[in-house]
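Next come two complexes built around chain A: one with chain B, the other with chain C.
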Partner chain A sequence: MRLFRKLLRPRSTKRKHTLFTFSATLLAATMLAGAASGIPNLSFAAETHSVSADASIGMPKHLRLLTTQQYINTIQYFFGPDIKTDVKFAPLTRTDGVLMAGTSVAGVSDAQIETYQKVANIVSNQVVDPRRRDTLFPCKPASETAADNECAGKFLNRVIDYLYFVPPPKEHVEKLVAEAGAAANRLHDFYAGVQVILESVLLSPSVLLVAEKEEPDPKRPGHMRLDAYSQASRLSLFLWNAAPDPMLRAAAIRGDLFSEKSRTRIVDAMLKSPRLEIGVRAFFDDMFGLEEMEALSKDATIYPFFLGGVAADAREQTLRTVVDQLLTKNKDYRDVYTSRETFISPALGVLYGVQTAPGWLPYEFPHDAHRAGILTQVSFLALNSHATRSSATLRGKALRELILCQKVPPPPANVDFSAIENPDPKLKTARQRLDVHRQNPVCAGCHKITDPMGLALENFDGAGRYRLVEKGATIDPSGSLDGKIFTDVDGLGQAVHDSPALPTCLVRRAFSYATAGVLPVSSEPVLAQLNKKFAADSYRLRPLLKAITLSDAFSAVSETGPKPVSPEKAASILTPNKVASNP
Partner chain B sequence: MNGFSRRRVLRGMLDGGAITVGLPLLNSFLNGNGTAFANGAPLPVRFGLWSWGLGMSRSAFVPKKTGKDFEFPEEIESLAPLRDHINVLTNFTAFRDSEPLKGHITGWIISRTGAPPNGNNLTGETYDITIANQISRTRRFKTLTANAAASARVSFSYEDANTPNPAEYSPLQFYARLFGPEFNDPNAQDFKPSPRAMSRKSALSAVMEEMEWINKRVGAEDRARLDQYFTGLRHLEKQFDQQLTKPEPIAACHPPVSPKDSEMKLGNESPLVAQRNKMMTDLLAMAVACDQTRVINMAYADMLSNTIKPGYEKPHHTTTHEEPIDEKLGYQPNCSWFTRRCMEGFAYFVQAFANIKEGDGTLLDNMLIVADTDHGDARIHSLEDMPVLTAGRAGGKFKTGLHVDMKAAPLSRIAYTALRTMGVDVQKFGEKSNQTSDVISEILV
Partner chain C sequence: MKTQQSTLRRMWLGKAAIAGFAVAALGAGSAAGGADDTAPPTRSIAYVLTTINWPIYQAKDASGKETKEECPNGINDGAREQFSASFPQKDGKKWTIAETTVMREAEIWWPTVEADKFPFREVGGKVAIGLNLDGKVKPSDFTSPDGKITGIDNQFYRAVGCILSYRDGSSQNLFENEHFEGKQFNRILFELTDVDSLLNDDDVTMTTYRGLDPLVRDAKGEFQADTTQRIDTQWGQDFIHKSKAKIVNGVLTTTEPSDFVWANEFVHQEASLDWMRDAHFELKLTPDTAEGMLGGYIDIETNYRSLNRRYGTHQISYGKTAAASLYKALRRLADAHPDSETGANTAISAALRITAVQVRLTHPKEKVAEMEIDKPARFAARGEDTKIQTR
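This part shows the complex of A and B:
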């Protein structure tokens, strides 16, 4: 009877949803299969990407927590994009410029586990919902009001195969299936039984934790490497911002990630997958600190047009711009700071003074609009401002720290700011007010690090709107960056574009993000090699991602577990001493 | 009284087949004067922390007289009606010793841990957690953390340096967590253990076995984090147990109705912060009244508060550093405006617990609430002259109605006093200059 019903099911229509769900995976799978059968990869076939052995000290291994977005992506790749939840996990601590590094140290409170349970409950109920069950289950139960361990087993095996970062023993899955059966009989509902066990599976440490593990590397005696599961997870979390799919995991189990040739094929396929865009968005969202946009609000009496949707759209605009420039158009990373090409939504149109239509439209600012590069986008300008006014200092600091990987010392404590910031009504512009700082030698040391480039952005108010005057006085947007003098914000964009710190900072952040940790001192030779490679590839993102993921250091584990560098010491061209000696 | 007798309720429960019968918190089960259970066990004392950012204006905050009968200066005048419930403690010092001063971070971390931060990190758990581990582990929630700042990032309760207790910032979501379908109403007419909860518990236990092989993959340095995960799962298991158990009736427990979507507004304008403070307070008060937790933690705003005074150019934090002192008043007027709104928020918080009857008195009588901040004078990031407010009589252990000048004593003394009062048997609290073994005897009975 069951078989009969199964045969009668119009598979083509009923499985449409599942096919869609798996389409990205299938695409990747096809590519992997293609690569394995010898079909050459078009774009990167000619490139070789081995970073030499002396730069392969290895990184620490980590016990990582999935981020909210990684969890949701993983769930949606498997169960479909219409599975929705707005629950957020506990915020992470940004370490050495990278939020992802927080996943390797963050603890788990009881309240956090409750949050996992809440998401797991919401997701599992959506999966067994009558509108979805027919497409998401590979079978139908003999009876909907009782246990069917065969069908529940088929379903759970698939789920566990996909979601668990290491396959569990067979007996364990059988036990979970038996639990589903017992629950189904107790609740007189097959799907309720599966929901109950699925909920527990979805909050399991096997799903939410990635326990990276090392093993001896047979190719380099005396050295350790990540085991196959850990490598698959690290690759997938970095490039796709999700747990590995079954194809990648299967390839890892076969040992494909240990051979340079097959590893290259797998990475190439991953770089071509549509999921790369998701991964790249997550990386730049992290690097630019855009998660702060969620809590961004402006004083409604001063910026009445800066409504709730504006911050979300501004974040989206920057991510769309980055993906368009770096993936779609395969442009030089540095162009992101000078390009006038972007996307506009109706909510942003008001701020930019641009005519719009519903939805997102590509848009190129005119030459004289002074909107070139992402520093002139609302996300950067509004985020690095106060709720009530712009801040040249915050913008300069963000440019230094987030984008150029330089450290700006914190303001000294016990300084009576009101003595200097006491608003003299004669001081109309930010430049005039900040000039007062420079008369105070204690302040001057740091403010000269941040202000000369921040002041070039003063033509944008605290919400990111263009302006020529402040309180009736004309704004002077001239400035300098590390000795380069410019007259306006277009000059700033060019100076940032030309700064040698710009590409090396991206490399540093990407490598730290990829390995989910603060970089140890021993990573400097690897970074140097990657910098060289990035320059040789004309600062294109895909080759950089490829070089990182194929580097020995990405998959090697340091035996000694080097101590992380303290954030203060890392990558500062302006050492604290230099500043401190300038009181 | 109300138609109940101890015998009748107990018999009714057993006839109904309830599995466990605990001691209910019905007034009819209390002793003659309502301060203890009939069998002599005292009513539980509950603990709360409340925080506001950016200190105070000395000349507008610190009462002139000490002891009883002090006047409430203008910055804290909203607390005057609560005189009999609170204490005003002034002139504490937080010692940073050789650590650098991290503005707005150092002060609250010393207040909550007794040691200055290492970098930006805490060196241990905050003392509300020490108390919660002692008195609240058996509850549905070991602790509840909330803020009126509409941000998940604003939490001053930490299990350790890397484990903040995430804050509830949406009243709607907080309501769902507290009083949604998984709330086991202690006063419900009929109780049937849910077969669903039974199955969920069983499924969870099966999944917990996975800990064993994950443990094998994890090095010693990460074992503690894995243990946390396991403890969290155990906590879920216990929550299921509680759902399967007939709860003890609690006279004071009256679950509120869900907040409305329309009342929920994000934004930092002062009236919105005040509104969220009220909504979160009401939920916290009822969560305590219903004995869902015995330790709570509420933040009015971030220490670096970005609360906005509508029409005024600068948010609270910027104001503290940039507003000139009004020579006639002797303080920064707009800055003081912000602190007054915080004090109104605390007044609402205290009153909410005072409004709930428990025994012969109120829930507040059986609580100790401590309110702290990050600075004395935030304008210059001062760690001297720091104020603390307390509320409640801690089940008869605390005096109230006093202003005490602490004469530059370590701020850690309030934490130590709270720990001792809440029954945590510690001999000292804090590190180096912050280390203390002195309770504040002026406010103890």
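This part shows the complex of A and C:
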């Protein structure tokens, strides 16, 4: 166990951001499968490098934990989409606005390791299942009741080559093959022997963790960069939300990712791949906090129509809308907040009051429906409400924090919520109740930040259904956002669309997500250049993703993050040939 | 769109409260002059049936306990009791399968109107639930439990009212309600068009359809309104019937008879149909629900085949339904649609109680009028051998 922990723990106590504490459970499970002694290449996670004298670009390298969906995507891409995983890893901590940044500060509990082992067992059993083995194995054993190291080797080499983020030493694979053979002979079953070893591979830290490794950058003496495998992993996890595929691995091995021309070609290919949709969905799911839809529930007596399928479909609706607008139709990101185009399912039809049919259908709301943009979709409205009522404050806060990257201070400890939670019955609408609440100067400060735009969404109840009145009183949906005054939710959508903070927030979130880390203040010049590029590209998503992935800041390593630099210096970071060409 | 629907509900609530005064002041059917604010969007509204049951009046005393006075001779014996009586196990008699089971099956599947070997206990009371279909008050007619409706035509009740499976809490209600909801083939819709008011309109059109989509219950377990139903035009043409109706004080009454066909897919997808001829509807409408009564003449052959197709032996037996005896009773009490050759009546007066919730209807590209050609005739021609394909 000490050996195992030593392998996983950073040697330098100064680098606390990647402290993983794997328990004996994983060790035992892995040893049981005969692979414990072969855990390779994790020691580099502990290697220390002196901070570059010129850390003007680059982000810290990380030891990242795969998210549930990344693990599933990786498994299903290799073994097939019919492999059932039915797994949910422990929730991540939202850090600096994105969950992805939480993957580099996660801990791993015993219970979580049991989860890994369970899913590894489930997957490995499906892979060797007689219905699949002929497809997934590149060979047939000489005998199904005994070891066949040649066939097992072909299979395991292929699996490890794909699943390990870094190729292990040859001896490691040979040891696994030998263990598979020994197990097969003991169990008198070739496939059972392979299954045992495959299970150990699937719960290996080499599969579950991405240990980014740095190396000196020959083009910029004195600077560090991610090595080829780490760059490939970062690219693939960002754009496809899965481990690198064989094409990307091969490119990494050839060193293509260090060549500007080759790297551009690879990124272009990734951006054109259908797998980009998976990556984009994962990013916006993260940015909009949609994972919370899984636990969303409403009071059945008030919102009886809000059934289990509604929350899942509302999440899907938003993701479909985003993908349709930004990838399929290549529209301006800001239009996501004003477009009436979306998709409708039967479960959502009742809430939106529209005709449906089985499955998902494209749908465009009428001009007078006040359903324009994702702020008027059930996912945003219901998620940012209470179980029994709407919340102008929660909606305003979510808009500020999730969409505009602005921080709303938490309420003070001594706040008096009585005007909201036990209001005077004469106060019919949320606006009236909040007016009273804001008379308390302790509360007024923050509510001025959230309520003027949140109240514009009061025509939607706590489940996201449109309404004109609350408790018999007509709702006033007027409001303002950063000085821009509007009369209804359509005006709010336009104000958000026109807000300078909207595109810059996307850039910030995307860069933080791409590098899986908290952005230091000194990264602002890099973000400023990306913002310029995004604007120059008319706020199209693909060019932004390309600019991020081709930037030196994406692949350079700086132990403490970028130092403050002048805008002129920052401009040189994103050289024109790396950011100008659109896919 | 949602705004319109919400407005409709709000306006209906307000208007319903003063509907009585409005009707009194303006006279029934006075809304013919134009749409009011209870008129549904696009002047049409549709509903999907959520339950359909035979209303069986069961007399109770002041404490709520059943007196069974409507069954003075008691509850009928069922198939099991008849079998025991027909084939006694005594004197060492050995019965063959052909003498017993096969013979009984033949009696069920090839029923006759010959005198029943067993006593059949008809309803003997004068009270029943239903509608006065012919506008007359005849000796065989019933009076409603509250005494307000006389001349109720419901001879079907006379036949089945003392059969256990048709009575409250029996398998009939239990299973059929469950399967009417759960089995997809049983989706029955009706649409009201040309509606200028949900409270008073003397000229609306009612069309029945079969739907393609499931019923949805909300988080409180109630049927969810405002879902979408697609009309089945591929296998559902036998269900499409149109009639004229009026709405008075929020109650829809059809003003001309029409056929009403509904589906009875049961436990193992034994889909079968029931056919009510000359049907009249009386339904209390709201923007979200419709409920009330349906009266007409049940086609006996269709009903009997439907019963035998969907019920297994154990269900028949536990519900004490002796099918062949019931057939004889239905034919004996039949009171409409005489056969052109024999003169024997082929249909029996009956009532149905239905509940429904509002739905959004998706019409097919084809026009309803084109699908309506010769519907009753084709259905009658197919008769008992009609093969229903479920989807």
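Keep in mind that, in the parts below, the second predicted complex is superposed on the first by the 498 of 583 C-alpha atoms of A that agree within 3 Å, B and C clash if a C-alpha of one lies under 4 Å from a C-alpha of the other, contacts with A are read in each partner's own complex, and residues count from 1 in each chain.
Operating definition for what follows: contacts are C-beta pairs under 8 Å (C-beta built on N, C-alpha and C of every residue); 3 or more make two chains touch, one makes a residue touch a chain.
What you are looking at is a predicted structure, and each value in this text was computed from that prediction instead of being measured.
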{"item": "When chain B and chain C are modelled together on chain A, clash or fit", "value": "fit"}
{"item": "Residue contacts with chain A in the superposition, chain B compared against chain C", "value": "B"}
{"item": "Which superposed partner A:His172 touches (first chain B, second chain C, both, neither)", "value": "first"}
{"item": "Partner chain in contact with A:Val350 - chain B first, chain C second, else both or neither", "value": "second"}
{"item": "Touching partner for A:Thr301 - first (chain B), second (chain C), both, neither", "value": "both"}
{"item": "Touched partner set for A:Gly359, first chain B, second chain C, both or neither", "value": "neither"}
{"item": "Which superposed partner A:Pro130 touches (first chain B, second chain C, both, neither)", "value": "neither"}
{"item": "First (chain B), second (chain C), both or neither touched by A:Ser109", "value": "first"}
{"item": "First (chain B), second (chain C), both or neither touched by A:Tyr466", "value": "second"}
{"item": "CA minimum distance (chain B, chain C), superposed complexes, angstrom", "value": "10"}
{"item": "Contact residues of chain A, present in both the chain B and the chain C interface", "value": "300-301"}
{"item": "Residue ranges of chain A in contact with chain B within the complex", "value": "61-63, 88-91, 93, 102, 105-115, 117-118, 166, 168-169, 172, 175-176, 179-180, 182-183, 186-187, 192-193, 196-197, 199-201, 203-206, 209, 211-213, 295, 297, 299-302, 308, 386-389, 410-411, 413-418, 421-423, 566-567"}
{"item": "Residue ranges of chain B in contact with chain A within the complex", "value": "100-103, 119, 141-143, 145, 150-153, 159-160, 162-166, 177, 195-196, 198-200, 202-204, 206-207, 209-211, 213-214, 217-219, 222, 224-226, 228-229, 231-233, 235-236, 266-269, 306, 308, 310-311, 313-315, 318, 321-325, 332, 379-382"}
{"item": "Chain C residues within the chain A interface of the complex", "value": "1-3, 5-7, 213, 216, 218-220, 222, 224-228, 230, 360, 362"}
{"item": "Interface residues, chain A side, partner chain C - complex", "value": "298, 300-301, 303-307, 346, 349-350, 352-358, 366, 368-369, 465-468"}
